[in-house]
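Let me begin by handing over the structure; questions about it come next.
Order as written gives the chain letters A, B, C, D and E; numbering starts at 1 within each chain.
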């Protein structure tokens, strides 16, 4: 994710080169440029075929395409933002769990406190890795009784961790260290851990339906292929830059839609999951009164302009 | 459901032939082509009737139709996505139920664990079959005390299974194996099973109102029938490909709307319910510590490009 | 509600005559036709007044009107669909209530089981009647201790039934047949009964604000009155069919908006409340283990194309 | 609120004079008429300045303005409808509270029943007054132990009443008349009272941001000031009625947006809060088994066409 | 936040100078003016290059841009309004917490009452400071046992305060002053404190994705740079005011989007967080029966037209 100041146009320009999406867009627009140039040369120098063009119709097709693309981009943005919302509710749930456990456990139960501070941190870190299909088991906090090997064998890592947490509450309850009221206080927040994980998996694994996506791509392709023929007789060689502007707009919207539809990758427009997981780690350690080394705290507030 | 990589236009092209919707669309566009060709030949060769055409008005009608279709497609997409969301919350609820039961039941209560792992798996498999009006009773997990025959006679299979689960919690509670606090922990997630089932039935059984659907179909038909007359005097035989592009856009949107409005069938744009049910089976077995044969685990992550 | 297959255009055509809305629409379009014909004859034969027409402006007005109507129709559809959603959550709540009571009550408490199966069925049937302002007291299930007369006198029937149910839980609790944990399990689903009732009443009693509705009607009227003058000089008598197409689109959208805004009537585009209430009856009887006569079960899945 | 039948255009016309908004709109449109007439006379008789006009550009500006206004109106409608939804959930919460208290309190505790019937009624009446900045303390029901004077001094009346209710549950709990399970049943519905109050205050006190509102007003003003110059050379004196139609559309949308954005006043497009509060009074009295005089019941279903 | 009366156009004009956003907009529009003037002089006096211009195409681009901007502004408005909604639920949660504690704590426990009144007030004040990155520790209420120094060292101030509150409930529970039922009543509202804090942080820290924002800025820039060339041959020097109107509309929408996307600053279009925090302070003191000095009460209802 590129951290930027929305109001500053010049800095935005300066960050431009960091966005891979924008480079891909430039590449596609360049391809269109080659095509338009070829059509223009062929038509103006060789064929000189006479078109009569009725532009209202193309304007109507263009507006239909615009509507489709704007809605499609908005849908993609909703998914991007829902991804962030789910991580927001994960952050809140972890803080609430830590606060309840911090209050319910006796001050001297340092071992339990460390256990929960690390397990909750690990849940966030593991979910980040799970969504990015690259769990870094070595970076997880070491937790007594939960070996990295046991986690590696899990069919579904977040479920495994949530199950271990749930079992621990029950053990403390059986041992009389947590009372029934605490279990009831904990449950809704604990349930949110798996709710957020399922929701993020849903966002990652459910693109817009194939035929819808194909339909839009086909429509854009046909429309751009047609454009030079519609404009050539009026503009001559000026057709080239003019079509490029349209191609920039249409291809750009499509590309941004694709890009932000899955917000869990590590590209420049994706959500900073690593940073969010680190923020959860800082907060749960604080709420449980467990120390966290300064260099780990620092990961929660990176000064870089690109965060993951 | 076709699994695809949104950013890759060439592969999308390659998957094209797998999408039944797109073939139906091609068929309808071809029909329009025949009609336009007939009108063009008749007009240009025989009648040579002079039209004066005012295109602003058709442009306005076209934009109104575009707005209608884009909104209608968006509504259909919302239903598609709500279907997925409901299954997402079903997945999460099943995992939470399994985690709570896994923690609350004593480790040695292997029979109970197997019972819940299978019953929860069956709920998902049965809901999938129920929504597709084809429950495969033989593929359900065998559960002690619940014969397939009893399920076959149920008026409403998901309700039946949820009722059996609810009764089992109560039995364990009466036997002292679950405490009141566990019932309270379980209830919200258990309730979600039937909530998701009702919501999916709602999506399946409530299309957009008949007169709305008819109105849109009528509008598209009239608009496309009119189009060649509006364009013939400018384009001559070029009218044919030009109208086809418009027909592709309008009929395509309508068709995709119809297709994704009911996302529970087994076509290429529908949700992979079977796979999702298999994921639930893997997760609940893991959370309850019950073994699941490898070939059943494999069903949760099929490498095929089309999954059901 | 007309049950139809969205993908089938020919059957849709066949169902056409059953939709009262579409007949009303035809009537209004015919009225517009008379008006346009009169204007056309007057202008072309008698006045022959010369207009110079600037169509961009009318195109802009037409697009503004299109936007308004499409948004208005979407709002109306949201209400239609929210009505269905509320009934979906009512169905789910009734099933959950029946499942909890079925599990908590001892198997031999046949009287209580019958009481709840009938009371929950009656709640759904009574809500249907209440929303349609025509409660059929005779069709309610007979419940011990609740005479139809007592229900007839109720100020607000759904509240009355929910109150009776709530009192019955409490009585069983006092008698030791339900434990506190059961009351807590039941409460959220029981509360949903009145939530759904209030939400449906809200949808029924809150149309879009009067001045908004009047504003749209006024705008459409003025726009259609103006249309022939804008088109006459280009099209002559062809103006008549061309205006009719526009009138079909604009009046149709308005009409469909009005129609589906209140989805609780018994017209062909309204929700099949009777059928949904019958489905609730089947499910709660099954979940409580109470027999229901076959002819009542059959009402839940009518094979007709029009269901209420 | 004007109660009307959406399908009836003639009655709508008849109700027209009752809507203050529509009169204000007519006034503004008349002002625009004076301006256009002045411009037309000046230009056609005195200056005869030659414009060359390019209308595509104005059409684009007009569509941008249309989009803005339609979205703005939709946002305003969402607030109107959310206001209604909040009152709907208030109604439901009050009914549920009354049902729970009616079941939990012994039948002979007539004093408590009267207390709750009146306190819940007062909460609704007071919230209505609070939102309209005009609490009619004398019209509140008389409650033992809660003098009107104490209420007059409250910093925030709804909070005060909710606090008194909460304290009363606790008192009954301490006295053994309510059990812990009842407190847990009551709490979510009781919490909804303040949730609805806060949400309504939010709707009332948060208009769309000033610069957004100003921006739209400025855009409309400039656009309408420009319109006669764009149309004069084509239409001559016909410009006047033609601009008026556009002004009606644009100013009307803006005005309706402003009007329904705050739905808690007593104008003809506002929500009938008084009536809704009276409905709550009827329902809670019924659910608690407390008599309510007939004339108070009648206030819940006024036969007037304008209700507050 | 500027407090204004939506219906009053003249006062809105008068408030104009107070809105920094509108001044920035004027500055940008002026820059565009210089550019257009330069282009106009260069073209009309020196180059006199002949363009042939096809405006349908620019109209289509303009409509695409309009759709993008209107959707983008709406998204920004949704965030503005969600920020307000979160503070609304914070207000409601604080009032409910205070009401429950006020009812559960014995009347003579004045110390506890003061503790909660101040801690809840501080949570709101601290969250306001935290969101504006400027916590005024000195303005927080003094709470026994919680020194400003301890708060200054917190990694995350709202979590710290919520943790302290949670611990205090538990302490009172251990001391027998609160019963388990009270903990269960308190928990959902207490959890809302951190939910609202996380949601507000999400809104503040997640702008729309960089490439989307850059794409829109790039599109506007290219479009406005092109505009004079499209209009010059028709309008000559009139091009200057005409382009300015378009620039006002496009740049204005972009600017307002940026402005209201982050509603937690102290500018004239931001939410009055200070005032809302003061309202919470007044309400929780009242609900807990703790006196609050008049000058602090007054901060909740400032008579100024600009509130923070």
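Definition applied: a contact is a pair of C-beta atoms (placed from the backbone, for glycine too) under 8 Å apart; a residue touches a chain by one contact, two chains touch by 3 or more.
The model shown is predicted, which means the values in this text are computed figures rather than measured ones.
Visitor: Tell me which chains count as touching both subunit C and subunit D.
Guide: Shared contacts of subunit C and subunit D: no chain.
Visitor: In contact with subunit C and with subunit E at once: which chains are those? Just list them.
Guide: Looking at subunit E and subunit C together, the chains touching each of them are D.
Visitor: In terms of residue numbering, is the interface formed by subunit D and subunit E classified as same (over half shared) or different (under half shared)?
Guide: different
Visitor: Please report how many Å separate the Cα centroid of subunit B from that of subunit E, as a whole number.
Guide: 38
Visitor: Could you put a whole-Å number on the gap between the CA centroids of subunit A and subunit B?
Guide: 24
Visitor: Touching at least two other chains at once: which residues of subunit A meet that condition?
Guide: Within subunit A, the residues that touch at least two other chains are 56, 59, 63, 67, 180, 184, 188, 259.
Visitor: Is the chain-to-chain touch network here best called a line, a ring, a star, complete, or other?
Guide: Topology of the interface graph: a ring, with each chain touching two neighbours.
Visitor: Tell me, which parts of subunit A touch subunit E in their complex?
Guide: Contacts found on subunit A: 1-2, 4, 6-7, 9, 12, 15-16, 19, 21-22, 25, 55-56, 58-59, 62-63, 66-67, 69-70, 73-74, 77, 80-81, 84-85, 87-89, 91-92, 95-96, 98-100, 102-104, 179-181, 184-185, 188-189, 230-231, 234-235, 242, 245-246, 248-250, 252-253, 256, 259-260, 268-269, 271, 279, 282-283, 286-287, 297.
Visitor: For subunit B, which residues are in contact with subunit C within the complex?
Guide: Spelled out, the residues of subunit B in touch with subunit C are 52-54, 56-57, 59-61, 63-65, 67-68, 71, 75, 154-156, 159-160, 162-163, 166-167, 169-170, 173, 180, 183-184, 187-188, 191, 194-195, 197-199, 201-202, 206-215, 217-219, 222-223, 226, 255, 258-259, 261-262.
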